[in-house]
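Structures for review follow.
In the two complexes below, chain A is the common chain; its partner is chain B in one and chain C in the other.
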Partner chain A sequence: MTRLRPAAAAAPALGVALAFVPLVAPHNITVLNLGFFTFLYVAQGLAWNILGGFAGYVSFGYAAFFGLGAYTTALLWLHGWTPVLTFPLAGLCAAAFSLVVGVPTLRLIGPYFSIATIGVGEAMRILMLNLDNITGGASGLNLPTTVPSKGWFYIASLVLAAIAYATASWVRTSRLGLGLAALRMDLDAAETLGVRTALFKNVAHVISAFLVGVCGGLFAMYFQYLHPDNVFSFTESISLVLIALIGGLGTIWGPILGAAVFFAVQDYLQTSYPTFHLLVYGVLLIVILLFEPRGLAGLAARLAGRRRAPAPVALAPPAPGTVAPPSTPGGGS
Partner chain B sequence: MTSSPLVLEHVTKRFGGLVAVENVNVEIEPGKITGLIGPNGAGKTTIFGVISGRFAPTAGRIVALGHDITGWSPHAICRLGLCVTHQIVRPFPDLTVLENVMVGAAFGGGARVAAHDARREAIAVLEFAGLAVRADQAASALTLAQRKRLEIARALATRPSVLLLDEVLAGLTPSEVVQAVTLVREICARGITIVMIEHVMHAVMNLSHRVLVLNYGRLIADGTPADVTGNREVIAAYLGTGPQEAHLWPAPQAQDAAGGPAQTGEETLHD
Partner chain C sequence: MFTAQNLISICITSILTAGLYAIMSYGLAIIYGVMKVINLSNAGFLMLGAFMTQVYSQTWHLDPIAGAFLNMPLFFLAGWAVYVTLVRRVRQALPIASLLMLFGLWLVLQNVALTVWGSEDQSIITRYTYKALSFFDYRIAVTRLVVFVVALAVMAILHVVLNHTYVGKALRATVQDPQAALLAGIDTERISALAFGIGTAFAGFAGGLMTLLFSFTPDFGAPFQLKSFTIIVLGGLENLAGVTIGAAILAFAESFAVLFMRASLQNVVAYALLVIALIVMPGGVASLFGRRS
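Entry: the complex of A and B
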C-alpha cells in the first residue's frame, strides 16, 4: 500500500494552500460557496468510500445519515445549543442509525445490499416527511439566522474534509483496511483467514456514517432551513456514489478529484443550462466505467506511472487478459 | 482424547435429501500428517467445510484444541488455530503476494497483530514457503503452483496448530509436486498437525502417517497407508467390484509403504 507516495504529501499541502483563500478573497461569495460545497462533498465522498470503495459495499442510502445529522443539529440548535457543539451528536446519531441499517443489510452481497439501501434511504425520507411535529414535515424547518461568515463555513468545511482525509488514509493503511480489502475481494477466503467480516463491514459503515452525519450538521447550520425532500433526497445519496465513482473507487484521491469535478461542472453549467450537468455526469460515468474503472485517480496514477518509468505490470489493475483467457461464450463469431 | 487436536464425533451433514457426510467419527493424532482420500463426491471437502465452519453439521460434534467448535463461525475457528486452504485457490487478486500473507498474519490465531508486525511475520512465512522473491507481485500474476504455495503460506501465517490442506498438489507438474511435498513435510516438522485431502496417490501415501478413506460420506477405512491400500472395500470404492481383483497402486511391501522415496507422476486418480 505504498502507492502514490508524493500524493500523500500533496494533499495536506493542498489543504493548507486552500485555507488561505478566505484571507485573500474574504468577500468573494461565489468562490467561498463553491469551496464550502466542494469540501463538504469531498468529506462525504471520502467517508462513503470507506465502505463503498475499501469494503466494496456500494450504498445508495447515505442521504439518511446526512439528513439525520442535519436534523440532529437543527433540533438541538432550536433548543438553544451552540450549533458547532451539536456536530459530534449529529455524527453519533447517524452512526447509531448506520448500525440499525447495517447489521441486517450488510449480510447481503453486492447488488442486493445496494438495492436494500435504496429502500432504507427512501423510507427515511418519507418517514421524515410525515413526522410533522419533529421535522416540520412538508413545510420544512426554519433555523436561526445568526450564523458566522461564509469564510468561517469555508474553513469549517475544509477542516471536515481534512478529518475525513486523515480518517480514510488511516483506515486504508491499518489492520482494518487490510481486512476490508480482503473481504472485498473474497468474503469466504477472508473469513477462513480469521477476518471478522461482519464486524469489519459494520465498523466501516459506522465510521463513514459518523462523518457524513457531521457533514449534515454543518450543512444545516449553513443552509438555515431544512426540508426532508432536500437533505434526505435520493440525489444526495447518488451524489456520493457519483463522486466516488468518477474520482476512483477505493482510492484516497478519488473522492477529492471527484467532488472537485462534480461541483466545477455543476457550478459552470447550472446557471445557463440548469440540468445539463446531469447529462455530463452520465457521460462521464459511462466513459470512466468503460475505460478507467479506477476513475480519475486511476487515470492520474497511470499518467504519472508512464512519466516516471516503464510501469511494473504488477501495479496495473488486474488486466483480465493476463490472468486467464477471457471466457467468451461460445457462438460468438 | 484431550490430546487429539481435532475430534469428530458422529458428524453428519445433509444437503436436503443428500447425505454428504454420514456419522463420521475420527480422532486426529497430534503432529502427524493424516491423509483423507476417496472418490470424487465422497464428501471430503464437505468434511473440511464442516470442520472449518463454512457449514454447520446437521448432527454431531466437532472438538478442536480443547473447544467444542460446532457451529462456530469460520473466523473464530481460524483464530482458535485451525486453518483450511481452498481446493480452488482463492488469492486476493489485487493485493500483492506479501499483502495476501499479511491478511493471514494480521487476523490469524493468537494475539492481535498490528499491520506492521503482520508485515514482518508475513515476510518470514514467505521465506519459509519459498515465495519471498514474489513478495511484491500481484497475486493474480502467479502461476498455479505459486498460487497453491501462496494458499499454504497464507494459511500458515495464521499460526495454526491444525492445518487442513485441500488438494494442494492437484494440477501441479511432477517436479512441482516434489517441491510441494517437501514443503508439507517441513510444515509438519514444525509441529503442526496436518490433515490433507489429496488425489495424487503416491504423494499422499508417502506423506501420510495415517490414511482415512471416505466413500459416499462414510468412513470406510482408517489405518496406515499399507493397511488402506490392501483394503478390499477401498479398492471396490475406487474401481468397483469386478470379477478379478484389481490393484490400484503397486502393492506395498508389507508395512513400509510410508518409507519409500516419493514417486510422483501422473497417478492422479481423479480430476
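Entry: the complex of A and C
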C-alpha cells in the first residue's frame, strides 16, 4: 500500500456517512427515493465506465443488461424465489448476454462498436416487447407488492454502489486495468506488447454487465412493475453514457459526481419539464467535450488547483506521430 | 401468400421505400465520406425537417414537397454552422469525441423540439394524402410515388453536381484521399464544412418528405437513424453510389421479412443487418463480390 490519498479515503467515508441517513430520517420518502436512484446509477455509471472509460469502448446498449437483470429477478420472484437471492443470477444472465454481444462486436473499433451497440440495444427492446408470453409484452409485468421499506432499498442500493466502487477501483489498478488503459491509447501497440486485447475487452464488458444486471434486479424489486419500453429503453442506455461522460470518463469519481448531478438536475426539473434534464445534459456534454474532456472530475481537480500531470483521457487527441485512427470498422483484430 | 401478385406488389413497395431510404441516408454518407465523422445528429435534423415543414404548412399553407425544398438552404446553413462551431474543434481528437458531441447535439435538438411542440403525434394531411393510383391490379399511394420521384430527381441532380462541377469533384477527391486532395490544392477544411452543410440539408429535405408518409414526434428520427447506418454500412461506408444499393437491400429485406414474422418485429431486421454487416463485411456488400485481399 502506498500512502492513502485524501481522495481515496473520501469515498468510503462518504459512503459510511450516507448509510446513516435512513436512521436519521426513516420517513423522509423523497430523500430516500432520491438516494436510491442516485446510488443505483452511481453503481451503473461506475460499471459502465469499466468498459467505456477505462477501455474507451463507448456502449449505447447497456439497457439490454439492465433489462435482462430486471426480468431475471422478476420472473424468478414470480416463481417463488426470494428476490435478493436472484440478484447474482440477474447479474449472471446479463454477463452471459454481454459475452454473446461482446465477442463479435468488441472486434470493431471505437465508433463502430458504439453504433453496433445502439442496434443491439434497440433490437433487444423490440424483441422483449414481442415475447409477450415471457415478458408480458406491451402490457407489462406486475410483481408482488410485499417489499421491504424505502430505507432498506436505500441501503441496498448504497451497498451496490460501494461494491461497484470497489470493483472499479480494483480493476483500475490491476493488470486488467493497465491492459485496458494500454489498449485504449493504442490497440496495435498494446497487442504487440502482449496484451491480450480481445480477452481484456470482453472481461471488462462481462464485469460491467454483471454489475448492471444486478442493478436491474434491484430496480425490478423496487419498482414492482416492469415494461420493456421502460427497462430496455434507449434513455436508460444513454443515462449511463451521460453520467460517466459528464462526470469524467475513465475516472473513479466521475460517475459518482455525474450521477449525483444527473439526479439533482432531473429531480429539480422533473415536475415542470419531464425531459428537460436531457436538454441540460446535451448542452453539458457538448461544453465538456469542447473545454474539459475530463468532465466534472477534471473540472474539480482543476479548481482544486492540483498541479499533477494530466491523466491520459480517452478523448484526448493522440500524441503527434501516433497512427491515425483507421477508417474501416474491423481494425486491429 | 406467395402468389405472383403478392410478390410483385411487395417489390413495388420495396422500390418505393428504397427511394426514401436512399435520400435519408445520403447526408450521413457524405459527411462520413468526407470527414469520417458519424453524424448522430442526423436523426435530430431529420425530425426538425419534419417539424419545420409542418410549420410552413400551417403558416403559409405550403405543400410538404415545397417545404422540403425550402428546408434545404436553411439546413445547409445550420449544418455549416454546426461544423464550424462544434465539429471542427473536436476533429483532432479521437473519432469517438465527434460522435459523442453530435450525440449531445441530437439530445439538444430533440428536447428543444419537445419543449416547443410537445410529445403528441403530428401529421400533415394534403389533398392527395389518401389518393391512390391503379396500375392493372396494383394500387399505389400517390404520396409514396411522389416521394419516390422527388427523391430520385434530387439524387440525379446531386449526381450531376458531384461529377461535373469543381466543388463536386473536390468533394469526391476528399472522400477518396484527404491527404492527396490537400496536396492537390483543395481546401479540405472548406469542403468539410460544405459536406456537413449538404449532409444536413439532405436530412432536412428527407425529414420534409417524410411528413407525407408518417406521423412524427420529437423522437421521430431515431429508428430512421439506425436504418441509415445499416444502409451506409451495407453500401460500403465511403462509397456514395453504395447508398442506393444499401437502401434497396434494406427495403427488400424489410418488406419480405413481413411475410415470415410479425410486422412489429420489422425494425429488428434493420438492426440485425446493421450488426451483421458491421462485423462480417466492413467493406459493404460490394466487397463480397470484389477481389478478396
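Note that the second predicted complex is superposed on the first by the 301 of 333 C-alpha atoms of A that agree within 3 Å, B and C clash if a C-alpha of one lies under 4 Å from a C-alpha of the other, contacts with A are read in each partner's own complex, and residues count from 1 in each chain.
Following the convention adopted for this analysis, a contact is a pair of C-beta atoms (placed from the backbone, for glycine too) under 8 Å apart; a residue touches a chain by one contact, two chains touch by 3 or more.
Being a predicted model, the structure only gives us computed values, none of them experimental.
Of the two partners chain B and chain C, more residues of chain A are touched by C. Once the two complexes are overlaid on the shared chain, A:G282 sits against chain C while remaining clear of chain B.
After overlaying the two complexes on the shared chain, residue contacts for A:G119 are found with chain C alone; chain B is out of touch. Of the two partner chains, neither chain B nor chain C is touched by A:L32.
Look at A:A181: by the touch rule set out above, it reaches chain B but stays clear of chain C. By the touch criterion stated above, A:G194 is placed in contact with chain B alone, chain C being left untouched. Once the two complexes are overlaid on chain A, the chain A residues touched by chain B in the first and by chain C in the second are 314-315, 317-318. Against chain B, in their complex, chain A makes its touches with residues 1, 173-175, 177-179, 181-182, 185-186, 188-197, 313-315, 317-318, 322-323.
Taken in their complex, chain B has these residues touching chain A: 52-54, 73-75, 78-79, 83-84, 86, 90-96, 99, 102-104, 106-109, 113-115, 118, 136-138, 140-141, 154-155, 158.
The residues of chain A lying in touch with chain C in their complex are 56, 58, 104-105, 107-108, 110-112, 114-116, 118-120, 122-123, 126-127, 129-130, 234, 238, 241, 245, 273, 275-276, 278-279, 281-286, 289-290, 293, 314-318, 325, 327-330.
Contacts from chain C toward chain A in the complex involve residues 36, 38, 86, 89-90, 92-97, 99-101, 103-108, 110-112, 114-115, 222-223, 226, 229-230, 233, 237-238, 262, 264-265, 267-268, 271-272, 274-275, 278-279, 282-283.
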